[in-house]
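Same chain, two partners: chain A is paired with chain B first, then with chain C.
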Partner chain A sequence: MYANPVAYVFSCIFVLIAHFAMLSNIWFNGNYTEVRDVAVLGAAVIILDIAYFAVILAFKQMSYALDFLLILIMGMSVIFQSCFGHVKLDVKHYITCIVCLAACKAGYMLCRDHKLLQDKKLYIYGAIGVMVLITLVFTSAENMWIEIGSFTLQPSEFIKPLFVLACATSIADQQKRHKILIFNVVYENIALFCIMAVICLVQVKSHDYGSLPTFLSIYAMGFLLRICYPKAKFSKKKLFGVIAVLVVFLLIGLKYAPDYVQHRLHVDIWSDKTGDGYQQSQALIGVANGGWFGVGPGKGFLANVFAYDNDIVFATVSEEWGLLYALMMVLVIIIITAVPLINPTRSYFHGSMSACVCAAFIVQMALNIFGSCNLIPFTGVTIPFISTGGSSLLVSGLMIGMLMAGQSPVFKEHKQKKQEDPEPAWRWKE
Partner chain B sequence: MDSLNLILCAVAAAALDICILVLIITAYREKKSTKKNWHQVSSDMELAEQDKTYELGCDEVLIGRHASADIRLPDLSVSRYHAMLTVANGVWTIKDIGSKSGIFVNGELTREAVLHENDMIKLGNRRLLFRKRRDSRVR
Partner chain C sequence: MKSIKRTQRLISLVISLFVLGMAVLVFKLIHESSFYMMNSDKHELGFVYDRKGDVLFDGTGEGSYPDNYFLDVGNIIGDDKGQMNNTLVANNIEKLNNYDFSNGLKQKGGKAAIYTTLDHASNRAVFNAFGYQDGCVCAYNYKTGEMLVSASLPSLDVTKGYADIGSFRPGTLLSKTLSGTVPGSTQKVSTVVTALEIMGTSNLYAKSYNCSGKYTNLTGDTIDCHNIYGHGTQNIQEAFENSCNPFFAQLIEDDDMPLDRVMKQYEKMGYVLNGDKPTYYEIDGIQCDTASTTLEDKYQFKTQWGCIGQGDTLVSPMQLMMWQSAIANETGRMTMPYFIDHVTDVNGKVKDKAKTRYSDKLFSESTASAAKQILLTNGADRYAYSISGYSVGVKSGTAQVDEGAHENSLLVGFVDDPSFPIAFCILIEHKDSGYLTTEQIAQVLLDNLKNNN
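And then the complex of A and B:
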């Protein structure tokens, strides 16, 4: 049974209040033609909240903080996406959010027993292989998505949680060293490096350079935890060596990057406002237009700019809801990644998994926000939970499920067979 | 923007702020309860030597001669990283992580073994008894 029922009730109430305050803002300040649209949006968000609060109780977790943060951000996401341009419930995004919540619970169920996952390590490698093949066969540089009805799937996105699992499952095998010539090597580390290299090649072939930093961050986190395992094996020399190699690779990559990437690196968005700098310049104008408190839900002009709901979603939210609210949205995601620091995980497996997931979330968010604000080249990476996109939301859900697994791992009592009391040796036998 | 709209925006932002604060407090409260739960579920076992006891406070306990080991046995017959104790589903397992002298559980050389109460573990010249914690035994 959950040990903090009072905290549970208060968390539920305050999540509902936060969503209700947003809906009130739409009611008085939003751009809508019919009151029914606002009522439908409000009912959808509140019903989703209450249903989720009820469903999570069935999972009997030790910690629900991540669940509350997730439903808070998902409700915000539904409200934001439904308000862009005009207030009306975005049904497609709403369904995707429900799928994301379901994926989160699936991720939790899958990852909470680390011993089981470590035994099934080969299946994870196999799944990565299958996803890489699907990416190679069914997608191209022109079209990275597979269309299923009105939904589209990006297979390369699904490699992320599998890669996180591969990083985490192999952490326990760091002591299994094998001698090859004069080197002591760990097979799992070589396998992981090969997987990383293959993924990078596939991403380069698909011209999906935006996802590369996310995969590299997951690998870097996995690698860092490897050189720190066991605890005091952390070596500053190794760490500086790794950073130096990464910098060299980065410089080489930038020098030999394709022309359009080079152009993005050096483009002045204000002198090329109708070309490559269009989205970024419009995004910055939108942020400035919104100010601290925004122009009002549904009243922004960024909804007319291409990719307003995923690539430059931070700027669109800033314009309509204000920079203050957009920054708090970012804060919620940062707190989601900080929960494993508040309540540390109790195994290397869950620790590595949480670290890799947090690295992926932070890097993705940084690429999107800094890209929108012209601090780095525009990459087109999505913000977890906020941007539209079925694959992105599904994968984000799975990954937050992994974080939850670290918070509520399986520690069942060892069921020992009842042994009959041994007969005392001194008993008289007739 | 008129003052009413400004107030509404500020109220929405404040509500979100308070909600975030409440959720952080919830996370801290859960930290306490999960720690308690962990102690109940798995930490009622301990390793005991002649005059010392070692608590098993997390699900992966490193035993070795190295200063970083969770259970440090400063004895040359014990490797720096000798053995790893892990718990899953309430079952404690001991695993050899590349030691020179190996692990003996109840006199049998093993690479990996599931531990039961009152098992005798021998690492190098050191003998450790896997037993219930004193508190739970007294109760």
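And then the complex of A and C:
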């Protein structure tokens, strides 16, 4: 049950007012042919809000801040996506948002007990292996999705939360060094590095270069937390050495990147605005057209541009709702990622998990927004919670569930099934 | 707890970097939004005015104007149709759009406008003075840099569109004031300045060479003089006034004129030498060719011919006019010209007010003073009657073009009057096809500028 009923009621009212304000904007400025479309959209959003408010009462948590922020951004997402081009409830997106909310609670339930996850590390690695195999077998550079009915799944997306768990679970074990010849080797570090390398190779093979920075950011966050771990003995010299190696690899990667990647890195969008620069140039024109307050929900031209609802969604929102609204949307996601700063996690495991999730969210958001606005090369990744895409929303839900788990963890002592062998079974024997 | 704080620090770092990036993005979006809008098909353009409020371009397309009203400024002011790229409108179209990020695109009543320094009445008078002949004229205030006249023939009235573009005469869609042309003897101004800079005034005045109508240089090539009987022995002032080619060929060959120093001075003045990559000046976004010539061996015909203003030498009339300002001001620095006096935004607020700017020093003040005296003496001796009422320093030139098939006539100069500081360059193409002279155009130009301002 919710501990503070006053805070609960006020939070509910805040979310409802925010969504009512957006719906009012549609009512007065939106592009709709029938009032019924606005009413259906409004009812759908408000019903979802109220249903979620009721559902969270069934979960015993120390903090519900993330729940309210999540339903706030989910409602915004449904409203934005339902207004692009013309006001009408986007049923498909609505369903995926419900799935996202459910995934959030599933993620929360799965991740709140870190000892359990620590014990099941082998399964996490196994799940990563399975997802990598599915990605390799069922997807290709031409088609990164698996179609199930009218829904599509992107298996590589599901590797993200698993990789976050792999990073977080490896930290506690990483102090156990093993002497091989003259080197002190930490098996977990090697295992994690290998996993990261395999994931990167699969991404390169799938030509999904946009996801690479997200995985690298998760790994980098895990790596930094590992070297910041209280017992860690990692000299600055080594740290700079690692950074130097990474920079060298990055430069080599950029130099030998395929032609189409090189072209995208150097394309002048304004001289190629009907070719490779089309989406970005149209996105920027859309933002300029919208100004601070937008042209009105459903009245933008960007809805006619390819990937308006995911790759360039920031610009589409800016055009129809104004840059102020788009920035507020970004602010809500920033606040979600900043919750662990206000309400600290209660274990280093959950702290690491939250940091990796934050890095993934922020990097994805940066790639999308800065890429579509031509500040960095355009990669075509999604903004968490806002862009369409079942996999993206499902995974975002799972990952925000991880953040919630960090806010309300459990610390149960588990019975050791194999008393004689305290180390996980998968570990190499000396 | 201390270890958990480390995770918080890292999260703070990531969020801070992102927020910083967002701040940069928002600044960029607001700052460049006008440019983005100009790349869309949604425009609401305003007006371009001359210095007295006369319309030079009507972006609304709703105004009513007499026939050929914009003819004299067609290829310098231009329009937004995309047929002409090097025009004031094409290169400043963002400033004309009635858009800003806060107000969006204003359909009616926007006050975005460009207020130029041009004098439409004088420009039209000069344009009309050419009659059926082609050429160009540019004139500006050499103290402030305000462009007053920029006419180029043939031209077009942009309100009539481009349906007959196939029948346009060559050169219609570009302003010849901005393009390189063979300067003829007006190039001798540069050579005199170079000689003054290298030798000094007294040493140059001490030099005298003989002209017998032609001069055979040290490599055996012949430089002809326009006076087949020769000018006899002359000093620099006499040779300048006579525009004597043999004199200048011998000056270039002189041991006191080492080629490396000649090259250095030419480069200082903005010449691109011996086929190097061409450069240009930018005047309110409009690109203006600088000068180019060949200086390889001072004893060879090609180099001497280049210093006389023929052969490979190309200089834009605008550049010739700008050099006059460095001489007339006696500073050795060019006054940089500008077309846009100020701009008003969609709400009528004045912005981008022009300021007078100067180039780097091209030559010393003493060189400038000496060159000014040579030009003024030439003006007083040779042009006092043909350009009456003004104390002018001038140099004329005849340029052979189309491999000698035609000759262009040029006149560069300035008015030596602090209350009327005008520098100008006049080009009449194929001068033999009519009776028009550059002096007649200069008289019309100066009279109109004097009377209209």
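Note that the second predicted complex is superposed on the first by the 401 of 430 C-alpha atoms of A that agree within 3 Å, B and C clash if a C-alpha of one lies under 4 Å from a C-alpha of the other, contacts with A are read in each partner's own complex, and residues count from 1 in each chain.
By definition in this document, a residue touches a chain if its C-beta (ideal position, glycine included) is under 8 Å from a C-beta of that chain, and two chains touch if they have at least 3 such contacts.
Bear in mind that the values here come from a model prediction, so they are computed numbers and not experimental data.
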Which superposed partner A:Asn29 touches (first chain B, second chain C, both, neither): first
Partner chain(s) touched by A:Lys273 [first = chain B, second = chain C, both, neither]: second
Touched partner set for A:Tyr348, first chain B, second chain C, both or neither: both
First (chain B), second (chain C), both or neither touched by A:Ser11: first
Chain B versus chain C as contact partner of A:Leu324, first or second or both or neither: first
Chain B versus chain C as contact partner of A:Ile369, first or second or both or neither: second
Superposition-derived comparison: chain B or chain C, residues of chain A touched: B
Which superposed partner A:Ser281 touches (first chain B, second chain C, both, neither): second
Chain A positions touched by chain B in one structure and by chain C in the second: 230, 295, 346-348
Complex interface listing, chain A residues touching chain B: 3-4, 7-8, 10-11, 14-15, 17-18, 20-22, 24-25, 28-29, 62-65, 68-69, 72, 76, 113-116, 175-177, 230-233, 293-296, 321-322, 324-325, 328, 331-332, 335, 339, 342-343, 346-348, 407-416
Contact footprint of chain A on chain B as seen in their complex: 1, 4-6, 8-20, 22-31, 33-34, 36-38, 41-42, 58-60, 62, 66-69, 81, 84, 86-92, 97-98, 116
Sites on chain C touched by chain A in the complex: 1-8, 10-12, 14-15, 18-19, 21-22, 24-26, 28-29, 32-34, 36-37, 39-40, 42, 99, 101-105
Interfacial residue positions of chain A with respect to chain C in the complex: 217, 221, 224-225, 228-230, 270, 273, 281, 284-285, 287-289, 291-292, 295, 323, 327, 330, 334, 337-338, 340-341, 344-348, 351-352, 354-355, 358-359, 362-363, 365-366, 369-370, 373, 375
